[in-house]
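In this document, chain identifiers A, B, C and D correspond to the written order of the chains, with residue numbering beginning at 1 in each.
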C-alpha cells in the first residue's frame, strides 16, 4: 500500500472541497488558530510512518485527551471503574444533563464530558501528583518528553467552567464525585489543554494497535490486550458525540475527535492515524478531518468491517 | 484455529453457568419454546463450517430480520434511504417514543423498531409482492428454499400491536410513513415471524463477510462492498438495543440479537456465527448467547479491535 | 357592575389591536372560518346575561368539549376515575408523548388529548348510546336541543387521526384503554366537532357556578359541589395547554380554550363567560379571546385571586 | 363562621389519622425536629385571628420563603422580571434539570428551585445589603422584628449544595445568573433558613389578601393589586411541586409549602392560614398539613372555586 501517495491525494482532494465548518470559539484561546491548517500523520505497525502538511505543528487536543486519561485509569484500576461509568453510546448531544439525571449520576460512557470528569476524579485519587503524573504518561506513550499543558487554554476553560461545573456538582450530588468540584475541573481542563502534533498523537495511539502489543520503544505492552480492545470498542461506539454512528458508518474505524480540530483513528492491525483541520461541522467534529479519513478508508479499501 | 473444539468448550462452559434470564412471553407463541435449547453454527470464509447443539433447529428470528430487511432495502434503494432513517445509536430502550418525537418522526437507526417500520414501509413501495419477495430474498441469501413465515406468531404479534401501532401512527403523523399503518405492521410482523436455524442464519449473514464478496453459491456479490461495510458498522453501534456498547466492548464484533433468543455476529474477514438460547437478560438479549460469543472472541483471540 | 358597557369597551379595544394569530388549519374544515368573527356572552348568577358581536353564531368547540365530557364522566363515576387520569399540569405541549411514556400510560390530566381520550374510553363503557347520550347531556346543560355534531369536521379529524391514534395505542399498550382505538377516536372526534355559540357555551358552563348549584331551568344541581369545585381547579391549572400559568396569571379565572378560537371562563360566584375569535396565538389559544378576558377581569376588578 | 371550633375539629380529626410521612433529613439540622408538632393559625381580613396547637413555635420555613422573595422582587422590579423566569407549572419534580436545559436556562416558574435562585440573583443586584434588607422585608410584612435566620441550617445547606450548585451553574452557562454561584447560594440558603411560626407566616401572607390592600398596621398596600393577584395565581398553579394540581383540586386555595413541614394558604377575600406538621408525604409536602387544609375548605365550604 502506497500510503504516502494516498495521503497526498487526500490532502489535494480535501483542499479543493468547500468548507462550511467553523473554528471553535467558546473559549477565546481556541478561536485564535489559523483555520487553514491541515496535516495528517499515519503510523504503521511495521514501524514506517507517512505524513503531509502541518503534521508536526501542535494544537489543542481537547477531547482526544479523554482516550488517554481512560487508558491510564484502566491501566491503574482495570475494569473496576465500570460501576461509576457506563459503556453505552449516549444518543444525545455531548453535554446533555438529561441522561445523567435519569441515570442517577452515572455517565453513559467515558467520552462524554460527564464520564471524563469521573475519570478525572478517579485519577485525582490514584495519582500522587495528578497533573505531573498524567503529563508524564502522555509523554511516555507518545515517546516525546517535550509535550506540555497550555496554561492559557486551561485558565480560559476555567473561566467558562459553568456547564462542566453543573455536570460535576450534579454527579457529586448523586455521590459519584469524591473530590472538590474545582479540583476535578482544574485537572480536567489541564488534561484537555495539552498541545500535541498529529505525529505525537499518532505515536501515542499506537498503544491501541495489535491488542496493546505495539510499542515503538519498549519491550512490554502498555495496555493488556483486553483493555486495548475495549478502548477501541468504546471509540467506535462513542467517540464522536452525536456523530459516532456516522463515523463508524462512513469511516469504519475506532477514533476520537476534539474541538481543537484533531481526530485520531486506529486500524487495530495496521496503523494509527491523526488528522488536524480546525473548522468543525455542526456536530463538533473537524469537517475536513472527517472527509480525509473517509477518503483514507475508501482509497485503502481497509476498515474493520 | 480449531473452531470445532472451541465451540464444544463454549457449549460445555456455558451449560455450567447459572442462568437468570427469562424467555420472552409478551406474545404467547414465543413463550412456548423450550428454554434449554442451545446451538451454535459458525461459517468460515474458507467454506468450512462448525456446529454444536441444536444448531439445525428453527426458531423465531424476530429482530434479526431487521438486518435482512435493511440489506434488501439498501440493495434496492442504496443510500437514498438515509433521509428517512438515521445511523446513530439510540441510547434508549428499543421502543422509546421520546427520541422519535424530538427528532420529528425520523428514527435514530434501522434496528430500533421505529426504524425497521420505516424500512418495511419502503419495501411495501419497492416490492411487487412484498411478503413473497422478501421471503424469497431471505431464502436466497440463506441458500435454503424451505425457510418460511410462522403465521401463528405473526397473527399473535398483530393482536399485541399497540406499541408498534403507536410508533407507526406517530411517524405517519410526521409524514414518514406512506402506507396504511396496518399494512406496514402486517409486513413487519411477518418479517419478524420468520423461523430459521442457526445454520440458516449463519449462511445468510455471509453476505456481510469480505466486503459483501463472500457468496456460498453464486458468482456475484449480493451487496456491494460499501453497503456490507455500512451494515456491519450499524450492527456494531446499534445492534443490541441498550446493550450495544456492552456487546462491542465484551465481544468486539458486529452483530444483531432477537427476542427469540438468537444472536448472529460477523467477523468480516473470518466468519459469521449464529447462536441460540431462548432465555433473555434484562436488556432483552440472549443471556447464554452473549456469554457464548464473549467466550468465542476470547478463546480465538479474534475481534475487529 | 355595568357588564354590557364593559363588554362593548372590550370589543372596541380588542378590535383596534393588531392581530398576529393564525386560524387553525390542521384540518381543512376548521380553516374555512372567517378570522374576523368575534363575540362574547356573559351569563351572571343572578340570571341576567350580556352579549356583543357574533355571540349567537356557532363554531367548532373542539377542546372545550373536554370539560363537558369530564363533567359527564364525573357525574356518572365520581372520583373513581382518578386511578386512570392524573390531576397535575402537564408542563409540556398538549400532545406530547413523552410524559405519557414516563408515566406508564396514565395521562397527566383530563384536558390534554391523552386524558380526554381516556375519558372518552370510559364514556364508551358507561353510556348506552355514547354519541347520542353525550350530545343529549350537552343539549341539556346548555338548555338548547338544537346543538349538534358537525359530521364533516368529525370525518376530517378522522382522516388526520395519526397523532391521536398514536397516543391511544400507546395507552392501550399500557392497559389504560379498553375499547378499540378507532371506536375511541370516533367518539372523541365527534365530541370535539360539536358546534355551539358563545351563548350556548356560557349557559352550559353555568353548571360550574356556585358549587354546581346554579341551574337555569332545573331544581337540582347538575353536579355536586365537590365535583364542580374540582373541575374549576382543573381548569385553572390545566385548561390552556402550555399557557395555563399565563392564563391564571393574567386573567385569574378557571377556563378552557379550543382550537376553534373559543374560550370559556368561570368566575364561580359571579358569572360564566364565553368568547370567540378564530386566530390562535403560538400556544394554540385564541389571541383576541385571551386579551378580551384579561380586559374583563381588569375592568371589573374581579378574579378568584 | 366559627373558625375557632373548626380549627379545633381539624386538630382532633387529623391527630387520629395514621401518619405515613417522613421528616426531611437531607440536611441533618432539619431532621432534629419533633415530628409530633402541629399548629394552625388563621388570620381573617376582619382583623380577627384563630389558632390551635403549636402555632407560636418557630420552624424552618424553607421554600415558603420563595413567595416572600418573589413578593419583594416584584415590588422592586415589577413585571420586568418575567423575561428571566416563566409562569408555567413545571410538571416535573421540583429540582429537575431537564426542563431547564430544554428551555435554555429560563426556569419554568419562581417556585421551583431554579426560579427562586434567579430571584435571589436579582435581589443580589437590587438590594444594598441583601441578607439584611431581605430579612427586614420579612420582619415588616410579618409585623415582628424578632424574626431571624438560622445560621446553622444555612451552613448545613451550604455543605449539601451540590444539586442547587448544579442548577445555578447551568443557568449561569445560559447567561441567566449574574453573580458568583456561591454568592447566590449563600443568599438563597439564608432565605430558606428563616424560622417563623404559623402566626408570623399567616400575618406575613396577609399582603396577598384583598388584592394586596389588606395591611394589619399600615395605611398603604405593600403590593399593588395586580401583583398580589399574580402571586396568588402562581401559588395555585405552581406552589406544591408535583402536587400543585392535587392541592388546587382537593383544597382549592393558592398556597405554598416547605420541606420544614409548613404550608401557608390564602383565601383572597377571607383569610390567610398557616399550618405546620413536619412529616412529609412522598411529594415533599406536609402530610397532616395537606389534610388539615382540605378539612378547612370542606368544613367552611369555602374555596376560590
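What we mean here is this: a residue touches a chain if its C-beta (ideal position, glycine included) is under 8 Å from a C-beta of that chain, and two chains touch if they have at least 3 such contacts.
Just so you know, these numbers come straight off a predicted model, no measurement behind them.
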item: Labels of chains that are neighbours to subunit B and to subunit C; value: none
item: Starting at subunit A, fewest touch steps before arriving at subunit C; value: 2
item: Rounded Å distance, subunit B centre to subunit D centre (Cα mean); value: 55
item: Subunit A and subunit D, separation of their C-alpha mean positions in angstrom; value: 48
item: Whole-Å gap between the CA centroids of subunit A and subunit B; value: 32
item: For subunit B, residues contacting two or more additional chains; value: none
item: Topology of the chain contact graph, where touching chains are joined (line, ring, star, complete, other); value: ring
item: Subunit B to subunit C touching residues, read off their complex; value: 96-98, 101, 161-163, 165-170, 172-173, 181
item: Residue ranges of subunit B touching subunit A (in the complex, touch as defined); value: 86-92, 99, 108-109, 211, 225, 228-230, 232-234, 236-238, 242-246, 248-249, 252, 254, 268, 301, 303-305
